[in-house]
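Shared between the two complexes below is chain A, which pairs with chain B and chain C, respectively.
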Partner chain A sequence: MKTSHAWGGLLNEMNPSIKGLTVILGVILLSLAFDPVTVSISLIYVLSVTALFGRISWRRWLLLFVPFFIMAIGYFWTAALFPRSDLPQDSPLIFSWGPLKMTEAGFSLALSLALRTLMFSALSLMFVLTTEPVKFMFSLMQQCKLPPKLAYGILAGFRFLPLFREELRIMQQAHRMRGIWREKRNIRSMLHAFKRYSIPLLASAIRKSERVAVAMVSRGFTGGKRDFYCQLKIRPRDWMFMGIVLSGIALGYAVSFALGTLTWYGGQL
Partner chain B sequence: MNTGLLNQKSVDHRTVVLETKDLSLAFAEEGGEPVFSSISLRLREGDLMLLLGPGGCGKSSLALCLNRVYPSAIDSVVKGGVYLHGQSLEGQDPGAIAQQVGIVFQDVDSQFCMLKVEEELAFCLENIGYPREQIDAKIDEALQLVHLTSWRNAYIHALSGGMKQRLALACALALNPEVLILDEPTSNLDPEACWELSALIDSIRKQRQMSILLIEHQLDAWMPYVNRLAIMGSEGRLIYEGEPRAYFANFKEEARRLGIWMPGAVRLHDQLQLENKPSWQPITREELAELWLNEPDSAKRAVLQQLEQAEASRTAQQDPRRSDTDGTERRGGMGHTGDTGDTDHLMHIDNLSFERSEGKIILDRLSLSIPAGQFIALVGPNGAGKSTFAALLSGILEPSAGRISLAGKALSEWPERELRKRIGLIFQHPEHQFVTDTVYDELAFGLRLQKLPEDAVEERVHSLLEQYRLLHRRNFSPFALSQGQKRRLSVAAMLSDEQQVLICDEPTFGQDAYSALELMKSLRARVDRGLTVIMITHDMELVQQFADRVVVLGHGTIQWDGPPEDLWNWPENDLLDHKLIPPLSAQLRNKLKAALQEKQEAHKEVLL
Partner chain C sequence: MASWKLRDIIVLSSLSVVFAVVYLIFLQVGNVLVGFMGPMGYEVIFGIWFIVSVIAAYILRKPGAALLSETIAGTIEVLIGNVTGPILILSAFIQGLGAEAAFAAVRYRYYNTPVLMGAGVGAAVFSFAWGYFQSGFAALSTGLVLAMFIVRVISGAVIAGLLGKWISDALARTGVLRSFPIGKAAAQAAHQKQSSVKL
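The block that comes next holds the complex of A and B.
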């Protein structure tokens, strides 16, 4: 318990750019393999890294993971029950029900596809849930030389997202007060509704962005070179961490190779 | 008292900090018509200059010219020059200008670009290349100045409106500007936050010898500190620059014609009709009270009588039935349970509670009855749940517990179609309720839904357009109107239906004096026709002038319910607890009463 406490926030404190790079490298590396063993070992590894080193809300993690999980199940069943015609036809049958047949080869292919989906979402969630957007932008500016004009623009926009949701809600209520429900419901009125909501939302987006831009300029923002109060440095342990994650994926490859199950990805769908 | 006037005359040699010479602004796309032209202003050291003008005259644009956002960041044609200590700002880089001219805007939500308080301040300091090692101390200093020290790590969206404005002020001040421009900084705040902010800004101004240009509609909180006045006319020209007192003493008619907001003290002083009225013009609340308190007792009594008479006549004229309905109302108002047979009471709210999905309790067991033909003002601090209450009353939110009934039937049992004919709600931001492409259609929309013949619709719409001064904009898109016009349109569109209960969320927000008065009159006329209006507002002058009944909301329940005159008899500290500040006439009345009473008691003691 004590140790997990000491490591608990390592992932959160990691330099966001290096973390992002780790995730991208991980995705690229794993997209080369196409067998259930490599991917499942890496998946378990990534999940345990997230659990061990990340301080995250598991409720949110589940909430975000569930859609991917459902998608993976969908992938699995379609790929397993309606296999591609170029699969070996002599593969042993696992079960059949009427016209539906599942062969071993089909099963393995479907499992690979499903696991890949889960793997990529687990890697992305590891990044998304342990990274503050502001720090990420700072890191992109400081390590990756992202122009401040763009980065601060994105941050300002990020602030507005919840405001827009709120605005749409109010607008729906307001239109209801005006008596919109009294109109007929058909495709034409649906198009009308889309226009009714999108124009004011766009108008307000433009006005808000204009105001923020004016406020930023008024506070001396030029978008030029700047020195940052909040310095995000790359420390040795960031590289170490990248090593830990990538070596886990390498481990997956090694085990799979040793078991003789390693298959390279060849464009299967 | 005349020393004030002399003082200001004698210090006119103070150095000019900011000066504009023949400044004019035009946008190329609007046919080159100037927004304003030939503005020559002088802001001296330590000045707090108030800039007034009718809605849409270009005050805010002028502010943005002064810190060169026009023309450097927005496409526009600016002629003439802006000089700081005699040096032209033209061609200077925005970082350098931001250190000389700071600005605080009206909209509390769209002037920040970071998520946390500390980040926002660091952003400002980084912009001007402030040494990194010193930023930490500088942030502390700036937060201390605006009393936000303990909020350093807070998220900006979690702050109240007043705190956000203080943060905006801290951001501007962190750059040590010599000139501060305030563009309607208090228009989104409740009265207390408003007085707090003005006092804070004044103390910082004195401490730092700053010069301030203020654009504002709500003047009372600022008048004690204002020492210069500039007025822009409707054509975007400067028509006055000088002493505020002299202007309000001599040009009241002009101000009224232009629709310029005047300080409450000026308006009230003007209304008092007395022989030998002192010719000296008070412009602040304090001055007005002091003026009359120094007059002989007979004058005091006469004023007091007038104030009380004005109140009484207003009450009598507003609702002849009031005495009896309100009598039962006040005694049984709180905790009234819905006896459905009561025809006098249109709506009953019984033990209403509302809880947000995250578990925060907004309203807690609130009960209220609403009769027909009453003008009810709903007041209370920011975040007290006034807007939520309005949404519940109009049936667009479902209560967590309790019941709201209209004519004896619960709101949820009413078919939507019937409910909308009976209860209307005007939202805070007019744009949210526009549903058509032109101003004309917007007004016709409700009438057409009622299946009125087209010629009747045309007639009604035409008269509405005329009444709300929108005739020249009839073919415009609602979104292309000015802020004040949008507000008028949204109200007109809602008023075209004859709902029994109309709820308005800050209907006068962002209006000039003339439009605000027109709007209030049309709401009042509705009430006099026997319909009920419930108005959410922060403006106690409006409450005093138009409302029959005030409901004070706070801590999720009703803190007070009764006629406005009685509310102002509360001790001022209790009022302050609910972020309320009594209107000027009530304040003056109370002060005069207290003074007369004191005298009487002293007199008695002497006799004894």
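The block that comes next holds the complex of A and C.
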């Protein structure tokens, strides 16, 4: 499904480094909030920004979001049932079962933790689904001064990925042809199976890397200063976009403050 | 960066690519475990996320290998679509720093089992401090946080330290690492053993 607005692809065309920085700043800012209101307002805001400005496949979005939803449930019940001991003890009880008690204060704190997980994955999905890997590396090289030696080294390694998959498949078939199956479902045989695949895979990765390095050096790659065919620049609208996202988080804080529900990270160690 | 040969960098990043995939698989395992056990689900297997630091540093034996490999693995995870997003690069950097600290503490002279386990512990301690802030562990009871910390340290020492050493040694035995410091060290050790037998 694709959105058909005129500005539907703005997120996709944004400078990857600035987009990444925006997400990191957003995560750090929201790490300070410990109440459900701030986090849920920001969550709704980020979701609408993604929907308005991003051209993404919502099917993939959901597919990637669901595991984090499960994780959020896990965070919720641990934080609700095993809260910090210095929470206000007079807060009304919602539910109790044997020694386990859930108070209102504990419930809202747990809810904020669970929402935080969802919030972080929504922010990250905004980045991941609208950024091309190669452009991200180019932007890191051009905007963040990542050394070209390192950047092209990483890209070379990244290109091995489909080869590894192919090799793994061949290894599996070879093992089956010779009649080797996973013997038993205990730790020992699992470790053995792990070794049977990982060592040959890593060995061939190292051989391939050495060959690629020789090929790159012999073609004159020095890793020194260079110019680029594909140039990525930072435009004013990249900063504007950063402002849009971060002000949404500020809005969350402001609304929560106005409602009197804002809970800061108060140096609780 | 100047002291790094292109070969070392590419070997480092292809190791990181392999382990980025492993990390991604374990993230899914972790998410399911967290659903059942709460945050403790991650702690049990947390050591796996430090393993590339130990392996890269043990093979290449260069200052910066632990930090770089972990950071690259984090970057590659983002490139292949880890939903944790760009913040993961920062988390990986912090974990790498913890592992690097252990190697720096012995001035990059020793790469034996205690040091490799120490690197796993270092990564565990650093990542826990960061996780405390990022995941809001402050909202959990002190006893649970302490238990999580202990489990993560053990996981770092055993999964990253011991399993990492085991994988590297097995890899060295195949002969592909002959031209790397780990292979040279093994050859030297074998030579010394042989000459002492002659005596």
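FYI, the second predicted complex is superposed on the first by the 241 of 269 C-alpha atoms of A that agree within 3 Å, B and C clash if a C-alpha of one lies under 4 Å from a C-alpha of the other, contacts with A are read in each partner's own complex, and residues count from 1 in each chain.
Going forward, a contact is a pair of C-beta atoms (placed from the backbone, for glycine too) under 8 Å apart; a residue touches a chain by one contact, two chains touch by 3 or more.
On a predicted model such as this, the values are computed, not experimentally measured, just so you know.
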Would you mind checking whether chain B and chain C clash or fit side by side on chain A after the superposition?
-> fit
Any idea whether chain B or chain C touches more of chain A?
-> C
Considering only touches as defined above, state whether A:G9 meets chain B (first), chain C (second), both or neither.
-> neither
Check whether A:I70 is in contact with chain B, with chain C, with both or with neither, and answer first, second, both or neither.
-> second
Pick one for A:S31: touches chain B only (first), chain C only (second), both, or neither.
-> second
Regarding the shared-chain residue A:Y229, is it in contact with chain B (first), chain C (second), both, or neither?
-> first
Write the angle, vertex at the C-alpha centre of chain A, between the C-alpha centres of chain B and chain C, to the nearest 10 degrees.
-> 70
Answer with first, second, both or neither: which of chain B and chain C does A:S198 touch in the superposed model?
-> second
Once the shared chain is lined up, is A:A156 touching chain B (first), chain C (second), both, or neither of them?
-> both
Considering only the touch criterion stated at the top, classify A:V23 as touching first (chain B), second (chain C), both, or neither.
-> second
Least C-alpha distance (whole Å) that remains between chain C and chain B when both complexes are overlaid = 6
Looking at chain A, which of its residues have contacts with both chain B and chain C?
-> 133, 156, 158, 160, 199-200, 203, 207-208, 212-214, 216-217, 221
Report the residues of chain B in contact with chain A in the complex, numbered from low to high.
-> 64, 67, 69, 72-74, 93-99, 102-103, 105, 107, 109-116, 119, 122-129, 131-132, 135-136, 156-157, 171-172, 175, 391, 394, 396, 416-417, 420, 424-425, 427, 429, 431-435, 445-446, 449, 479, 493-494, 497
Sort out for me which residues of chain A touch chain C in the complex.
-> 20-21, 23-24, 27, 31, 34, 64-65, 67-68, 70-71, 73-75, 77-79, 82-85, 109-110, 112-113, 116, 120-121, 123-125, 127-128, 133, 136-137, 147, 149-150, 153-154, 156-158, 160-161, 164, 195, 198-203, 205-210, 212-214, 216-217, 221, 223, 265, 268-269
Chain C residues touching chain A in their complex are 1, 4-7, 9-18, 21, 28, 31-32, 34-41, 68, 72, 75-76, 78-87, 89-90, 133-136, 138-144, 167, 170-171, 174, 176-177, 179
Note which residues of chain A are touching chain B in the complex, please.
-> 133-134, 152, 155-156, 158-160, 162-163, 167, 170-171, 173-183, 196, 199-200, 203-204, 207-208, 211-222, 226-231
